[in-house]
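Which chain is which? They are A, B and C, in the order written, and residues in each are numbered from 1.
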Amino acid sequence: MTNSPSNSPILAENLTRHFGEVKAVDGIDMQVNAGEIFGFLGPNGAGKSTAVRMLTTLLRPTAGRAIVAGFDVATHPDEVRRRIGVALQDAAIDPLMTGSELLQLQAVLYGIPSSQTKSRTAELLERVGLTAAGDRRVGTYSGGMRRRLDLALSLIHQPTVLFLDEPTTGLDPMSRLTLWEEVRRLNREGTTVLLTTQYLEEADQLADRIAIIDKGKIVREGKPQDLKAEVGFPTLIVNVQKDHQDAARSVLLQFGELRPTAEGTLGVGLRDGAQVVTDVVRKLDEAHVHLIHLEINEPSLDDVFADATGHRLEGDKS
Amino acid sequence: MSTMRSAGQISLRNLRAIPRLPSAFFPALLMPIFTMIAFSGTFYAVTKIPGFPTDRSINWYMPIGVLFGSSFSGIGIGFTTIRDIETGFYDRLRMSPAPRNALIIGPLFTAWMRTVILNLIVVPIGVALGVRFEGGILAVLSLLAASLGMSTLSLGWGLGLAYRFRDMRAAAIMQLSIFIGLYLTSAQMPLEFIDGWLHHVATYNPITYILYLARQGLVLDGTSHDMSWSNTWPGLLAIVVLSGLALAFARRGLDKLDK
Amino acid sequence: MSTVLQPVAASRSFGLSLRQTRAMAWRSTKETFRQPALVGPSMIFPIFFAALGASSFSRATSLPGFPKVESFLQFSLAATVVQGVLFGSVTGAAALATDIQNGFFDRLLLAPTSRTGILIGRLAGSAIFGAVQAAAFIAVLWPFGATIKSSFGGALVMVLSGGIVALAIGSLMSAVAIKTASAEAVQGTFPLLFILLFFSSAFFPRETMSGLYRNIADVNPISYLVEGMRELVLVGFSTSAMAKAIFIPTAICVVAILIALRQLRVRLASR
């Protein structure tokens, strides 16, 4: 892996996009290394998709610049398009066409010679496990099949950089695992991948490095394990009766800083590690706090997220 | 709650939708005006064919326009019902203890109200453009009766289809069937002038006789403009029979909705 | 991957652009015929009206001002073709708006193809559909008495004219589709087409009309289009028939395509 900016597949400097008054992407700097899986993690509306649309030439930056696959997205969009593959959010696929017809259309649009179109189509259908469904209309596909076809479409011209915008949103767990496996395989073959996700587990499992994006800004960036280590302490989450909450809070504060948790629960980052749990329970008992439930969590990306933004990603969805 | 009181409430809700969502009512209003103007303008010369029962083409074409509008007032409520079924609002109505008939009679009141409003707008425009009610006030009432009849049978048909299909397919069938039903009559030309297949179809199509009811007093019957019982009873009978069938179709659909 | 491809050639030859445009045209044609619920009405209604008129207006053909015809159906043929093509051309444009709405258009824009090719391909699809419609109407009505005086040559001109008109109206509708990105907005223009058609000489000769209605029909371009085709059916080949059915529509078509392309440029520039 090389780290010099000149040959990184994706490089953004102060990349900005405003929609009227709304700063959808508010000056992000990032660099993705060749052969890496890079994850954009953030809630809905954080600016992930807007950033991806700029990096893939679909949207013009208001300010700043981005170099993708060696070319500036604003000045050489065609060169960029020729080298990148993109699977868009919601797998925008025409439901009236069959899978293989779409692949053939895509092949023509990317200038694949006619002699190779058929074989390339067959090869990609097989790769994503859709050979049997290739002649069926996309309207009859399941969500997982559509995503896999979407992925195949984005691979038609063997791109060196692949963008996946929320590739597994709305998929069942099995389909999600299949897609992850395919992304890993592509990455092993040398494709650099940038994926956006609102799933902590996806970022944790798949990405070599992640950037946490919130309100248009990158608030943390690094390897998942490093980020988690920075947050450090495990989180103790307690559930107490409503009228005992204030008493519980003052007890917990003796052991570390409070952390944002789901509504109705209290969380504290244990300064001295998990071994002090018995002390916490004793102190709560002495304060006559009635304990309903207690759990201890090793630091997760959600803790990183909460630490960086002051709110939780998982709680947002419910 | 009594059937009538519940029906009144349901009707009120539908009527409120007119000022709140005028775009849904406009087509039913503009269509008869357009039909009246476009037909009488395009086919202006047909009145010169020897034996044509009026020398004013707008006298001939206004009633068909009004009947189109009245039908769309009826099936327009069918469209709303499909939307209510799709959004789940209709379940709320069905869960209420209101008598089942109220769910049909309420919309029927609305369809009638809309039809009256439509007549109040379209007929004066027609008169301004040259329509003459030669048969006097009875001619106006005859047109109104035909118009209310069309809206009743369209409402029953529209609700029945909405209950059975529960999606927008029903809307397409409603529009298409009303369209075809009204065109396969003496809509464009007098029955005596029509040749071939259409002559047979129109003779047996009961809507042809509703059209006679609507037109009498506007066009000549033989040599007079007078109202005649022979132009009235077939139309009224067609209205009673078709409306009865359509409303029964709606009621059966409503009963099957929970199956 | 099992085989390794040569890197995609960076050339953007004319041949490639043509291939891409053709692929888009093919896609849009196939797509149209796969939606019977959309295609059906634009095929069936014009024929229904033709059959209705043939039965209703047989006595009207002897009216003063009516051209010499064998049957009212023969008189109606040109109107049937124009009516079908006008309504059919809404379908393609609505599909374009749907592409923009659901994001498929973005996928097309991500490809290193010419933007113009994507749109022209789509429009070519509309033209093909228009020509197919015209051919179908002629084939259905000819055996029932809608004889074409200019014979197969005239029929061919009518088919060509159908394609050109579909292209012209399709381009204008596509401009609406690109500007609004809403299939509803495109379908909302439908009543306008209806009005345009009715306030013309499509269904009855202009010579029999009077007053304001006649004046409107006199300035309505649809009148001339239908009259051009009608001349081919009732009389035979003539310069005026060709001008009305082919040359003037072609000129309108060129302007309409330019409007659509301009709208596309505006959309791409405002990203």
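Basically, contacts are C-beta pairs under 8 Å (C-beta built on N, C-alpha and C of every residue); 3 or more make two chains touch, one makes a residue touch a chain.
These numbers come from a predicted model, not from an experiment.
Because contacts link the chains only in sequence, without closing, their graph is best described as a line.
Ranked by how close its C-alpha mean sits to the mean of all protein C-alpha atoms, the top chain is C. Note: centroid distance subunit B to subunit C, computed from Cα atoms, is 33 Å. One finds 46 Å separating the Cα centroids of subunit A and subunit C. Separating the centre of subunit A from that of subunit B, both taken as means of CA atoms, is a distance of 57 Å. Partner subunit C is touched in their complex by these residues of subunit A: 56-60, 78-79, 81-82, 84, 86, 88-90, 92-94, 96-97, 101, 104-106, 108-114, 116, 119-120, 123, 127, 137, 153, 157-158, 189. The part of subunit B that touches subunit C in the complex is made up of residues 30, 34, 38, 41-46, 48-49, 172, 180, 183-184, 188-189, 193-199. Remark: subunit C residues 1-5, 7-12, 16, 19-20, 23-24, 27, 30-31, 34-35, 99, 102-104, 106-113, 271 touch subunit A in the complex. Across the interface of their complex, subunit B is touched by residues 37, 48, 51-60, 62-66, 191, 194-195, 198-199, 203-204, 208-210, 213 of subunit C.
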